[in-house]
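Paired with chain B in one complex and with chain C in the other, chain A is shared by the two complexes that follow.
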Partner chain A sequence: MTADHVSKWYGQVIGLNDVTVNVPPGITGLLGPNGAGKSTFMKLITGQLKPSKGTVTVLGEPIWGNPKLFFRIGFCPEQDSFYERMTGMEWVTALVRLNGFSDAEARAAAERALTTVDLMDAAKKRIGAYSKGMRQRVKLAQALVHDPEVLILDEPLTGMDPIGRRKTMRMIRDWAKQGKSILVSSHILHEIELMTTNILLINNGRILAEGNVHQIRDLIDTHPHTVYIRAENPRGLAREFLTRADVISMRFEPGAVVVETGKPDEFYARLTELVAEGSCGSVSEVTSPDDNLQAVFKYLVKS
Partner chain B sequence: MTDKRTAHTSPGFLYAAMRVFDLSIGEMLWSRRTVFMGLVVGLPVFAAFVIRIITELSATPVTMNNSQVAGPVIFGLMMWAFFVRFSVPVLGVFYGTSLIADEVEDKTITYLFTRPIPRGAILLGKYFAYLVCTIFVVLPAVTVVWLLIVPIGGSLAPSFPDLLKDLGLLALGLAVYGALFAFVGATFKRPLLAGLVFVLGWEPIAVALPGYLRRVSVAYYLQGLVPHAMPSNSPLSLIQDLFREVPSLTSSLFWLATITVVFLWLAARKVSNREYVLEQ
Partner chain C sequence: MSPIHDQSYRHYEGERRPLGRAWTVIAATGMRSLLARKWFLAVLLLAWIMFIVRTVHIYVVTMYPTANQMLPIDARMFMQFVEQQSMFVFFVTVFCGAGLIANDRRANALQIYLSKPLLRMEYIGGKLAILVSFLLFVTLVPALLLLMLQVMFAGNLDFIKANLYVIPAIVLACLMRVTVASCAMLALSSLSKSTRYVAILYTGIIFFTEAMFGVLAVVTGSTRVAWVSISANLENITDVLFRQPHRYDAPVTVSILVLLGLLAVSISVLERRVRGVEIVS
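== the complex of A and B ==
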């Protein structure tokens, strides 16, 4: 995937500013705060938008106006939008039929994809009745159902519970091992770091840095990481976190606890253990605002 | 894995359109618009039911401008006033302008645009879905109206051929208006407003005006296909008859087919070249 001096304007607003980048094979993390230009970049690289300036090529061909490339590309968009009345199986089957699969092939491919994302049990349920995590997984299923060479995943972990996140990250790593090239966007460094060391840092429509994640990791660690956890028993979780040295502060919101931690890796590992143990009830949502990342971006821009 | 990938080639344009049709028809049938469509076509059915009840209870013939009118004439009037001039264009506007707009608004268009099919096929598939969806609601409604109204002072058998012509006319009307407003929907920012102004503002004026302006309307060509004779003994209708110019059947069919094909092609072209920026 290559962008050559690509700019994108939305009227007077600039979405991407003279970006030149070559995304190598393997997993690449596209990291940036909300509004940084990640989604614009994703839409350009998937041919949904036409560059105002420059060229975008995928697998050696220009992507805009070239739908045939989507035999080889799978895209998982950020937006939580579906044909809510369809079941997961119907939806994934209907979409892969657009790739030229026969009915029988499409059904078999959809079953494989839904099994891969661990959603076969709910395949006959309406998507409208899916939890946030299941909705994310069915989106992943439609992206990989035709066995593409390139997977482009826009914030695929948003709203998943810790176990779901861990499973999905493992899946993404497995797909890379199978030889797929994967571009995955996130505003959470920690998530990206668990999947790859190769990152693109984007902010204000510009690529700020590209390369090894460890170089910016040290910067990140100097800023606290905020985690929002919606749970059945937020006070029980808070009690568990109180004893931890890495937890800097905590506050409660309705049905949730918001934690500031200095060591996100350790914190997420402990949170996953707690959810697996089930001692503090179920956790329905884990999100991380990008305050710390934003701080690092400010630092990078200043320096 | 590689074998599986290379085994699938690009589906043809029409084949892809039919796959999009399969995907869209259910969603379209169960959308909020179907409730609106039910109201639009339910109104004449309700009116027919009321007329039938009144005539049955009062046992007096229906009169119009002091002359007695039979069921087939009332049916002809209802066809023209309710269906040809209102339901069909209004449904064309509401569905045609939303073929792509609904997917954009619901942010589901991404799933279609990131499949290996031409964007034009997506529009065509959704157009077919619109056509089937509206035809399967409008035509049965017309048949119910026919069953209720025609027996008032008339009989069903002789007017059956006219019913078939009417059904064909409505199906064609839905096809033409759908294609026209698919283009409007793909092109303009406020397509619904533009469409309503066209069908409820421009068309009634254009059709009533003498001269060539009436040819810039779909209703003018549909008029050439109406099988019913309209009652024309009021002063107003006599004046209108002086200017009345109905195109021939061949001319009507030719122009309606041309409008459909040209506007569908333009709409497909527009959708292929346009960027759709989804709200975050």
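== the complex of A and C ==
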């Protein structure tokens, strides 16, 4: 999947801004906070939106106005898109018939897909009675049912319980092993990391970074890192940190000190020493707000 | 053979219909879904009551030719039948058409449909096929059947030979009603997610234009303003097709242009509204 100088405007609002990116085979995670342009990118990649500028190519062919490519693509949208009075089996069967399957073949394919997503037991229940996780899985089944080469999954893990998430992530990894190319979006870095190391970071309609997640993290580590320390004696800790060159700034919060450091590895080592020495009392909590994706974006946007 | 079965995904290796035929899936699924509703079947059956009445009429006149003076079998009779069926065209259009696109929009199904090998034209064509089929079933089918029954009861082709224009007149009058009703309803259905709202809107448009014509006719003292009413335009053109005296003073060309304009607006609305992704500027 390739986007070449792709922009998309919605009237005065820009959804995607001059994006040039190449999505390689395998699993690629599309990461970005809400409103970053992930869904716009997904809709452009699936040919549901026409780019205002530039071209989107999937499997070597332009996707816009090329519905025969849809035989080779499976799309799982973020929103619920089904008739709640239909059963899962009826819904998946009806949709796969749009791919040119006969009634009998469609039924067999739907059974296979529902079995794959572990939903065969509930296949004859109405979708209206499905839990959020089951709805996500039935959407995955319709994306998979016609055996596409490319799977585009928009926030497929939203609303799933932890076991469901784990199963779905394993399923996605299995599909990739079978040779499918998968683009999966999420706003949770951790989820994507469990599926792939190849990511695309998007924010404000622009691609911020692409490639191996470790390389991107290394890049992030050159930026100031924030550490929140809840301690018995935060002022004593702050006095110790003041002597260190890597500490850029500090501020106090009730019962805690928040430190900004340029060398997180050295800082954590020193903090461990201080706690071991016990000279500044006990430390009850050490967290880094930087571990969330929003902070990663903040750093990348600042750079 | 291994006693442990392979549980992994098996790839589909069968035949696939080529691109361009998915509209048949949309049409067949829609028809099946409507025919499964008892109330809709009741409406369809009710629509054939006038056919039974007219069949008796034709039979009586054929058996007792003296009755022909009171209840003549002529082009006018067939025109009246087509116009009487307009009431059922209205009911079938409202019951069957209001939800055709509105329900898909409510369920966000368009996004999924249009991510499949289904062209927007095919989607609209499939939906149109549903409405057109049911409307032809209550207009063209009974009208042509009535003509065939006349030939059967009479045992000769004298009526057809003397009124050859009746066949194209029936076909065109029915197709015109069906096309206008189907396109207008489908366009309205694409505007909302509420079936009820669409049904009210369609009913409102039909009755409002009719009422407006009534008021304007009283104010101006002339029927030259008949073009404001959709029903009057259909009747105006039907008069010409069946070679009957004109009921309205409005020129037929104006009626044709108004109906063509309505079709153009409907197609334009469908083109804008039937999209996988709704864009809110």
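Going forward, the second predicted complex is superposed on the first by the 227 of 303 C-alpha atoms of A that agree within 3 Å, B and C clash if a C-alpha of one lies under 4 Å from a C-alpha of the other, contacts with A are read in each partner's own complex, and residues count from 1 in each chain.
Operating definition for what follows: a residue touches a chain if its C-beta (ideal position, glycine included) is under 8 Å from a C-beta of that chain, and two chains touch if they have at least 3 such contacts.
Everything quoted here is computed from the prediction, not taken from an experiment.
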After the overlay on chain A, what do you see for chain B versus chain C, clash or fit? clash
For A:Arg112 in the superposed arrangement: first (chain B), second (chain C), both or neither? second
After the superposition on A, what does A:Tyr10 contact: first (chain B), second (chain C), both or neither? both
So, A:Glu149: does it touch chain B (first), chain C (second), both, or neither? first
Check whether A:Ile73 is in contact with chain B, with chain C, with both or with neither, and answer first, second, both or neither. both
After superposition on the shared chain, which partner residues are touched by A:Arg173: those of chain B (first), chain C (second), both, or neither? neither
Residues of chain A contacting chain B in one complex and chain C in the other: 10, 46-49, 67-68, 70-71, 73, 75, 77, 79, 81-83, 94-95, 97-101, 142, 146-147, 178
What part of chain C is in contact with chain A in the complex they form? 7-12, 14-19, 21-22, 25-26, 29, 103, 107-109, 111-119, 275-277, 279-281
Please output the residues of chain A touching chain B within their complex, sorted ascending. 10, 39, 46-50, 65, 67-73, 75, 77, 79, 81-83, 85-86, 94-95, 97-101, 142, 146-149, 178
Once bound in the complex, which stretches of chain B touch chain A? 1, 4-5, 8-11, 16, 19-20, 22-23, 26-27, 30, 106-108, 110-119, 272-273, 275-278, 280
Report the residues of chain A in contact with chain C in the complex, numbered from low to high. 10-13, 43, 46-49, 67-68, 70-71, 73, 75, 77, 79-84, 94-95, 97-102, 105, 109, 112, 115-116, 142, 144, 146-147, 174-175, 178
